[in-house]
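What follows is a set of structures for review.
Note that subunit A is present in both complexes that follow, paired respectively with subunit B and with subunit C.
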Partner chain A sequence: MMGSGQQSRYQRFLEAFVALDRRWIFLSVGLIAIIFMNIDMSLPITPSDQSTEVYHTIESLKPGAIVHMSIDYGPGSEAELWPQHVAMLRQLLRKGAKVVCSSLWTDAPPMIEKGFETVLGELQKEGITKQRGVDYANLGFKAGDRVAIASIGTSFRQTFPTDSMGNPTSQLPIMRGWDNYRDVDLLITISVGDPGAVEYVQQAQSRYRMPMIAGVTAVIAPQLYPYYQSKNIRGFLGGLAGAAEYEKLVGEPGRATKGMNVQSAVHVLIVLMVLLGNIAQYLLKRIARS
Partner chain B sequence: MENLVDLFGVWLTVLLTLAVFSFLYRDNPVYKIAEHLYIGIAAGYTFYQAFRTTIYPNLVQHMIDGAQKIQAGDPAGWQMQWRFGAFVLGMLMLSRLVPSWSWVSRWPMALVVGAFAGLNLIGYARANLVDQISATMIPLAGRMPGVNGMLPLLPQASPGDSSIINHLVLVVGVISVLTYFFFSKQQNKPLRRIGVVGIWFVMITFGATYGSIVLARVSLLIGRVYILTDANQPSMGYPFVTGAGLIIAALVIWRIWLLKPDDRNPRG
Partner chain C sequence: MRTRVPIFITAFVGVFMILKFFFVTPWISLISNELEQWGIVTLAFAIILGVLNLMKINLKTVMERKRDWGYKLLLLASMFFMMGAGGLQWYHDVMAGRTAEACEKAFAAASAPNAPAAAQQDAAALKSQKDAARLAADKNAFSFSFYNIYYPLAATIYSLLAFYVASAAFRAFRAKNLHATLLLIAAIIVMIGRVPIGGYIWKGFPWLQDWLMIWPNTAGQRAIQMGAAIGMIAMGLRVIFGIERPYLKG
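Let's look at the complex of A and B:
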């Protein structure tokens, strides 16, 4: 049995906890992120069906297969989409696929170049050399959202008269012998929003029925489950978790795998705060009733 | 020189990141500087990209090539000039700048809306209607060509097959949610009960989406923390630690000397 002084102190504590300034929570989240980023630990990661499908779809490509990779994200979404972008590009180039990148987002062209620079550097160390315009190309940004997707489907050369370096697209060796989505072996979109994976399904995949996979942020992932179930897309990677699953599948744990430790720790904190907040509210109500 | 540019880039990245994070304390001039810089640079960069990669190659260069063909006596050059119409429509959009002529901008706008609606209609009809209806028509038992195996309890089923429970959830979910949103008939007791099941499905979907949003926001934080900690090298002058100190000092000075007493609401 608590005395009245003790009870009021207890009540004051609960009231203070319920009215906790949100900035303390921001600070805790920030600190946990920094601490867990510097702790070496490995939590189990089980690849989901949709991530496994992405891996198998790329793995089943024959050397020389034409892949259109639409990179539709900027530096703001680098944390989630960069690991997916690099992992897929690495696997594609190792398989000998011809990768043609383009973008519907203005801030994406530098990400395309950075992706090629990173992966080509790694492949060079393995003794694999790739040539711009022959094995890969960057067609750059194109305005027009859905209209641009429909136009790409009809003709790559007309939609992109030049590549990002200003070279005529029709003269690039990689572009010889094909020009539209009927000739493409795989469509990949790594996207953060609209236009992105959903728009590519609606304007390209549902029209030309070519195989399609996607890498998206966790916000977009729930929108893709119906398209996965209807087989419009063969598989997709959802956010950092998807990237970590993919890193496990390709056997090269990287930043996404490490990031999942932080994700888990922050989630535990959020769940704990929600639980403690609810318990405090319940106790306060009980005190008020008594 | 290259090292100096790199150093400047790293410091700028770290300081602007921390300046944006300072909003978590409250709206402040440091955050405002970063915000205005971002909006200005984004607007300029977007215009540059649109001009360089779309307007110039798809309009200007295309018409110049056409004009050259006309000069060379090739009639195909005339066909290439039809994009001049796009240029005219684009210029008509600028009539919004003159209030008495702003109504003219409705013509190109009508074309954009019409084309957008037409394209979306086809895309939605195929991907969101026909394909989804077809994907919902699944057998609850046995196998169907083109559809994942059905009952994992059956001896012929493979480990990757989807289960009958998944299919039941799908069928019950679709029917109950559609019933909840069916307003053409007054809902009697049985229909209302089915609708309640439907609203549970909708709520669970919202919950999953909300969970994904939290996941995405934490990922953004992780990305920024990577950048801050990676940059915090002795050779760079510890930009994260030094930058954080500078931003905190700026906020303290602003709070003590520049902020009006009436605005010093600690929870602002």
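Let's look at the complex of A and C:
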């Protein structure tokens, strides 16, 4: 049995923990992130069905297949979506697909350019060269959200009269012989919100029935499960974990795989804090009752 | 007249947008495609309207030296700087594109059999011009500001979420009653099961996480989405028939 002085100290400690200053939580998260960024834990990554479907959908493309990639995220979501973007683009260009990128987000066009720059640089080292306007194109930003998606479905050339460099879209070799979603072999959207994957399903995929896959942030992923179950979306990557699974599937561990160490450690920290907070609250209640 | 014309326009546009989805008829497609382009142009003007509104609100604060006027001034200055830099970037991109096109034509002329020496010299001169134009397009104020100021700032703001989420989770996930306890259990399973360490701790975590996402989550999401869709259909019909007229207000 605890003495009254001891009990009050014990009680004070529990009360202090339940009402812990958030700066301590910030500090713990920061420290854990820094430490685990520099530790290689090599945790086993098991690809989910959704990620595996994304991989197989891209892998089944034939050389010369037309792929529309809508890049709908800005630098804010780079941590989660950049690894997905680069991994998918790399696989597409290696497969010889014709990749046409566009965006419905104002701050996304530089991400498109950065993606091409990064992947083309890597492919060049492997001896694979790709030509702008022939193997890939950046059609830039289009305002209009859902209306723009509906318009893209009807005509790429009408919606994007020029590419991001100011060249007439109709004169680009990559755009010859096709103009709408009926001719597209695969639609990919890498998105952070609205307009994004859900809007592409509603405005384009449900109408034109072309195969579609998506890469989204972890908070958007739960919204895509109904579309995955109804086969509107063949597969999707959810957040950094989805990107890590994809890196495992393509056999090229990168930033996402490394990020899993940090994410695992921070998730464990949060769960421990939550559990300890609940235990402390329970003990406080018991003391109050007694 | 002031009421009837907007109602007629709304009904006309709405009906054609619906018809386009269900019928593949040339004349319906023609009209609805045109309306879509009008829609895009109108929505593009919304960006201009947004810029003007931002200017109006912030300029007033700056002129009247109200609270935080310095920040507002910085916001306006940044906006104008990025607009100017963006315009310059577009100019450089267009010039680089034109030079590249001219260069390709010159190369084609130079590589033709019996091409004159002058054509080969032209091609060599254009090659250096092309590289210079591309360099100017790649390294300008817009790219510099985007990649060195906006990029890290946006990434930092988003990254701060992780800290706030951790703090909020610690305070919010408390087993106060049955519903809160269920939420707490689901949150712990998803948080641990979604990351590789979950499978390392216990092989059942990833399976449980997957089950939660595929079944209860999908059912809930579908219910919300179908409810919202039915609500949207009802709202759309009310707007088309002129019962609901939000666009006439203000």
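Just so we're on the same page, the second predicted complex is superposed on the first by the 290 of 290 C-alpha atoms of A that agree within 3 Å, B and C clash if a C-alpha of one lies under 4 Å from a C-alpha of the other, contacts with A are read in each partner's own complex, and residues count from 1 in each chain.
Definition applied: a residue touches a chain if its C-beta (ideal position, glycine included) is under 8 Å from a C-beta of that chain, and two chains touch if they have at least 3 such contacts.
Since the model is a prediction, treat every value here as computed from it, not as a measurement.
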Subunit B versus subunit C as contact partner of A:N232, first or second or both or neither: first
Subunit B versus subunit C as contact partner of A:M37, first or second or both or neither: first
Which superposed partner A:F26 touches (first subunit B, second subunit C, both, neither): both
First (subunit B), second (subunit C), both or neither touched by A:R255: first
First, second, both or neither for A:N278, with subunit B first and subunit C second: second
Touching partner for A:S60 - first (subunit B), second (subunit C), both, neither: neither
Touched partner set for A:K142, first subunit B, second subunit C, both or neither: both
Touched partner set for A:V266, first subunit B, second subunit C, both or neither: both
Which superposed partner A:V201 touches (first subunit B, second subunit C, both, neither): first
Intersection of subunit A interface sets (partners subunit B, subunit C): 26, 29-30, 33, 76-79, 106-107, 142-144, 147, 150, 159, 164, 207, 218, 221-222, 226, 229, 239, 241, 263, 266-267, 270
Complex contacts: residues of subunit B adjacent to subunit A: 21, 24-25, 42, 45-46, 49-50, 53-54, 57-58, 61-62, 115-116, 119-120, 122-124, 126-128, 131-132, 134-135, 146, 160, 170, 205, 208-209, 212-216, 218-226, 229, 266-267
In the complex with subunit A, residue positions of subunit C that touch it: 17, 20-21, 29, 33, 36-37, 39-40, 43-44, 46-47, 90, 93-94, 96-97, 101, 143, 146-147, 150-152, 154-155, 157-159, 162-163, 165-167, 169-171, 173-175, 184, 187-188, 191-192, 194-200, 206, 210, 213-214, 217-218, 221-222, 225
In the complex, subunit A residues that touch subunit C: 20, 22, 25-26, 28-30, 33, 41, 43-46, 48, 74-79, 106-107, 110, 142-145, 147-148, 150-151, 154-155, 158-159, 164-167, 207, 218, 221-223, 225-226, 229, 239, 241, 244, 260, 263-271, 273-275, 277-278, 281-282
Residues of subunit A that touch subunit B when the two form their complex: 21, 23, 26, 29-30, 33-34, 37-38, 49, 76-80, 82, 106-107, 109, 140-144, 146-147, 150, 159-162, 164, 199, 201-203, 205-207, 217-219, 221-222, 226-227, 229-232, 238-241, 255, 259, 262-263, 266-267, 270
